[in-house]
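The following blocks contain the structures, represented as structure tokens.
Shared between the two complexes below is chain A, which has chain B as its partner in the first and chain C in the second.
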Partner chain A sequence: MKDSLRKSYLASITDRFVRGQMSRRDFLGAATKLGLGAGALGMGFGNRPFMLSKAQAAEDLVPNPEIIAWLKDVGKPFAGTTLKLATESTPPSNAINGQLKKYFEEATGIKVEIEVLPLEQVLQKLTLDVASSLGTYDLYYIDQSWAASFSQDVFDPREQYSAKADLAMPNYNLDDFLPALVDGIAKYEDRWVGVPYDIPIFIMIYRKDIYEKLNLKAPETLEELYSNSKIITDEMGPNVYGTTGQMKSGHYSLECDWTAWLWGHGGSIFGPDGKFTGNDERGIEALEYWTKLKATMPPGVDGWTWDGQGQSVAQGVAASMLSWGEFFPYFDDPTQTKVSGLCEVAVPPRASSLRTVKETGYGEIPGVGHQGGSSLAVSRYSKSPDAAWLFMQWATCADTQALITTLGGGTGPTRASVYDDPRVLANARVGAGTTRHLPIVRETIAKHMGSEPDLPEWAQLSSDTIPVGLGKYFAGSYGSPKEALDDIAAQVDAVMKG
Partner chain B sequence: MPQSKSARTFRTLAGWLVVAIFFFPIFFWTSVAFRNARDIFDWPPKLVNFTPTVKNFEQVFGISLGFGFGTQETVNPGGGNFYMAPRLVDSIVVATFSTLLAIAVATLAAYCLSRMQFRGRHQFVNWVLSTRMMPPVAVAIPMFFIFKQLNLLDTYLGLVLVHGLMNLPLAVLLLKSFFDDIPSEIDESALLDGASRWTIFRRIVLPMAKGGIAASAVLCFIFSWTEFLFVLTLTQTSIKTVPVVSSTFVTSIGTAWGNMAALGAAAIVPAFIVILLVQRHLVRGLTMGSLKQ
Partner chain C sequence: MSTIQVRRFAISDSPWPWLFPLVALLMVFTIYPLIYNIWLSFHEFLPRKRTLAFVGFSNWIQLWNDTRFWGALGVTFIYFIIALTCEIVLGMAIALLLDAELPGFGVLRAVLSMTLVIPPAIAGMMFLLMEDPQFGVITYFLNELGLLAKGTPILSTSSLALAGVMVAEIWQWTPFMVLIFLAGLRALPAEPYEAAMIDGASAVQMFRRLTLPMMSRVIAVAVLLRGIDLFRVFDYVFVMTSGGPGTATYTLSLYAWQQTFSNLKWGYGATLSLVSLAIIMVLANLFIKLFKVRW
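Take a look at the complex of A and B:
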């Protein structure tokens, strides 16, 4: 049996066993046929295969009793309150909504209603709520690109923590949030616009089997990424392409891809004087590189957001992607994809040169590991800000984050301590909801993270002006990368001038 | 004129081809609902030879079909909580009652506009028509503020009212044209026999316009069933209709196509049942007035 097939089959049976769909006897029998002993599987008798069995998982994955006791004590005055939150359908929100909020509700008597919507609809709802100051939502899910826009409409959690000592969760520890994420996601000027809630970040995901077959190694530089992708496309196209993208015209995803290549070539979106610099020499070089790289991607890539990009890897059409790390647990799920156990992760390819924060504008942090993410904050217009603050502390404390990471499918935690939590480490195996990619996510956050600028106009620039211009470029509306970027620069200036 | 055998065969084949073209998207979408996620994007696409699963329906409707489990608590790894059965009920309630409201008011208004002479009648019809010209997005946000003040946000009553009002102009105009096609001499004869306006409307005109009412009701039902913007703006967590919850299958790590297709396939059924129930009248209603006497 080929190694790739063996891995795929192993991933499949392991996942079925973990889910309780296969008996221990059958699992061991199948594993033996694959030539694996119990030791190789990491399981002593009576212990967990790949660390986790279904029954044990159910026992282990409940909130810390001390936190529940604190919630019972402090939540009494708020029993009967209803809190509302509008959020994107992300792993943390889904895990809280589907599996965890019941613990909070039982302990406090506070009802939590979570409205799950696509990202652009969340923005519409929040904008309406802020414009009306009606307080229809008590908590705001704030994408990092909106932080500046909503910075005055939410409480700074540091102030809440110190001002309401009686409601402060013991050991909540604001310092545990990864400082890079506080800067990149939750901070605007001197204010914290909530606390970091989730962290999708660009990491390198690649098909190890294909790379091995063609004697390639994980790309360490952007040029290596291109040459690897070209070799794969030349050798295996049109069945398999070297890499893929999220290049839908006019969509935010296109802007995300652009920043990675721009920063990776030593460029930046803004200069220290606040002027658009994406059209300078570095910017043109980056767009030329991207154009070259696009030739190694599947046809149709300019119609895809991250959804199509992820599907192209999941279906085995693309051999690599520099994209959101939270896709990786999905790729490892044998019921969802054809590449379970075949993908590996690496930190993003090294930038050819990198500007410093001082050389950019509006707090932009250059780095190939484009960081997305969101923060969770209490609305200033909430009728029940104290109850909302209790929920927010619980939803973002280390214990809940560890549960979210394990139950919510291996999403990246925003707290340093959660990366070392035994429950999270126990899921570092091939299969659905794996956390085996998290060390790379952590390293990327620490060393390779790139963060978008913070300015009130950024929501419009990143979701409309820039991706529309780039979309037109890839559709052939401009004669050269310089012409396209100069036009985008003019439009950005117009938006900035209002 | 008698047709040759080959012409008849060609006509039949052309008919089947047209049916197949219209039916194919429904067939393919429904087949997606019965596929595992990993089989949905197979290339080349497999139309029939895939391993069927009911998992998507189990997750969306929270019922066990004997192959696993599917409850409100179920969360797909990395995906969403896709239990949507109550949302189908929401859609049925809103579409049914808003249709009843629109038709009840519209039949009375249309009858008056068709039969009664009063000052500004034509202008009134034009005014009714003009309300259809206003883009819904222009009123959605003011509606949000009004509904918030009236405590109608996120309620059945609020959505029934807004969908009923949204469909009212269309229903009035359609029904007026149907009433116009019923000869007014019938009313006059009944008046001479001593019948009141209400009796004429209820006992004579209404039964004769059944087909038109059915056609209008079907259109109102379908417009309410598929309406997106008002539901998105005027609801939060208590109520949501199928078009709005369909968008929640779009998650941060991709779209749950299988679950979305399961809900979509199931959502066809109630609208289809409504059309079947009124089909007899519908055909008559849609052809009413097509011949001039």
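Take a look at the complex of A and C:
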């Protein structure tokens, strides 16, 4: 199709969309077919990137009857109770809200209201709830970076499990949660701040067809990632670029990308003394690398959040990305993208060196596989903590996680056993809702995972101070990486001092 | 007060029974939030302690040393002045063109109001699409005209981002100005123009000496309404750039929102909102006095 015709058609569908004659879904579908700019589709309003890419018809996937029988038995006293949860739009929450909670509600008579909100609004609601102690929300969705802030406001699930034997789900098995996730997401000091609920994590996704055509192999080091990307951009640009990013100024996604490069070059955000160290020699080296890598990315990448980044691969504009593994099932869906079956996964490129946890501050865990997981916990202020505890056990048990993983389009489970569940394994083939990337997700969690620090100021630092400073750097407001990072360091210090 | 007394009071000449509902609404939705905001500006939320602590004037003092605040204020003023000027000039020009009884002009005037029903966030999304560096329609034409180097991302380039956002604002709100100006133009008496034509006045002279003075009150109302709106700009910036790149498009409203809801600095966010309110009030009153606007 001629460029002018495509644009004319784009104008026409935009007009129909704006007039309400076309649903957003149809509009985005048509726009994708047009090969519309990834950034344009990646509007990024704070929701997480993950698209629901259904694997099987919902009627084929139902909860284990034994669990439903147990819920019927223990849930009777709580019939008529209403539970509230404020959560980000994530695969587990979407699958539970859209398809699974009806089973829990029918079995127990407990009504579950789930508010799906942008992440910053979830934080705002939880903060107001704990400040007022009103118990508006019975369950808290806690991003890994908030664990420190809310550690005293929720029940430790280990204590709940042992203290309420009559409400303990048989075979719930707290030890089944991946230990790396318990440490990286749900643990603060010696307390469990809920149980790991979901685990979006950076893995390497690349176009196998392009890599083979150019005789390249999946990058094992960061330098290989750069050289591969440069070769692809030189050979196939401006139609296809080597790699892509989520680099919108002032957005949390930019900070996520930064940590992968920083940790991968042996740097860390904080030192053991709590001082910002992102501007040390390793930090500067990382930013120099990133600047070099950005030259191999599509133009406009600094206007994209994760949405735009994912779309750039889905539309065939970028040949690889180090990003959220939960995009992969979407890429494999032939009804949604033009790259179904063409993408492969690998563990993130090896770090040139890695700092140990002891060499960092605030529990930061360096690793190229940046994770953005969250935990689910029962609020101490809940008026129905027992009913909430029942729901939490059901929502995070192995059976429900297996259903979420298949219904939610191959999202990464937080339990070890779910990776081996026959229903999950059955979906490990090319197509919608694939789970064929999960072995790599599991390996990344075990060996390459990086976790952000836990401190109350982190919300501000990660969503404002750092991404605004980096955005200014990429917009050319600083003379050098060092100047930019020194300025960010000064601002981080100011925030830390209050 | 007995029932009879209440009835007597209700049917008396006193204005209070009739004012009460409005006053009550004002108290609940305007006065109380304002007072609460003032109170909040002398406090700060402490995330570690989960309490609001009295901090005296520290939020107000912090303003003076906050470079982000001054930057956001500067961006807001630039946005306000340029967008308002463009909307007035374009609005008046289009209104003058449409002020005629030609076939199809009635439909054209109705069509103009269509942009106003689009939520600003959607308009922002549309322009985000149109300004995409690879596939955007606007980018394409700018490239073809040689006004923009290929591959330049308008919204990620510091020197262009604010203009990129303003285009959406001007596109959506110029028709509002057109409709107001058109209503004013069509209400003007014909006699002064007939006399001016007999005296041999040119079109420019008639516009300067007749139209502008007679339209001054209408223009003032339009400027006030749009000016207040422009100073509070949030939607377009939030959707299109999130204030970036860096702080190139960070406006005062976005900064206040960000401090309040992202950084949970409720006190400082309230202070920023009050500053914004104070500036709008001063500017509006100054404008009313200078241009002798009478309602």
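Observations
The definition used in the following text is that the second predicted complex is superposed on the first by the 438 of 498 C-alpha atoms of A that agree within 3 Å, B and C clash if a C-alpha of one lies under 4 Å from a C-alpha of the other, contacts with A are read in each partner's own complex, and residues count from 1 in each chain.
The rule is short, and it goes like this: a residue touches a chain if its C-beta (ideal position, glycine included) is under 8 Å from a C-beta of that chain, and two chains touch if they have at least 3 such contacts.
Everything quoted here is computed from the prediction, not taken from an experiment.
In the superposed model, A:T136 makes contact with chain B only, not with chain C.
In the superposed pair of complexes, A:Q121 makes contact with chain B and with chain C alike. Of the two partner chains placed by the overlay, only chain B lies in contact with A:A86; chain C stays clear of it.
In the superposition on chain A, A:P219 contacts neither chain B nor chain C. When the two complexes are overlaid on their common chain A, residue A:W324 makes contact with chain B while staying clear of chain C. Looking at the shared chain after the overlay, A:D302 reaches chain C, while chain B stays out of its contact range.
By the touch criterion defined above, A:K338 lies against chain B but remains apart from chain C after alignment on the C-alpha atoms of chain A.
Comparing the two complexes, residues 121, 124, 317 of chain A contact chain B in one case and chain C in the other.
Looking at the complex, you find that chain A touches chain C at residues 3, 6-7, 10-11, 14, 18, 31, 34-40, 43, 45, 120-121, 123-124, 127, 130-131, 149, 238, 248-251, 298-300, 302-303, 317, 456, 459-460, 463-464, 468-469, 471-477.
The touching residues of chain B, counted against chain A in their complex, run 36-38, 41-43, 72-81, 141, 144-145, 148, 153, 232-233, 236-238, 247-255. Looking at the complex, you find that chain A touches chain B at residues 84, 86, 88-91, 94-95, 97-99, 113-119, 121, 124, 128, 132, 134, 136-137, 200, 306-307, 310-311, 314-315, 317, 324, 326-327, 329-330, 333-338, 407-411, 432-433. Across the interface of their complex, chain A is touched by residues 45, 47-48, 50-51, 118, 122, 125-126, 128-129, 132-137, 140, 151-153, 155-158, 239, 241-248, 250, 258, 261-264 of chain C.
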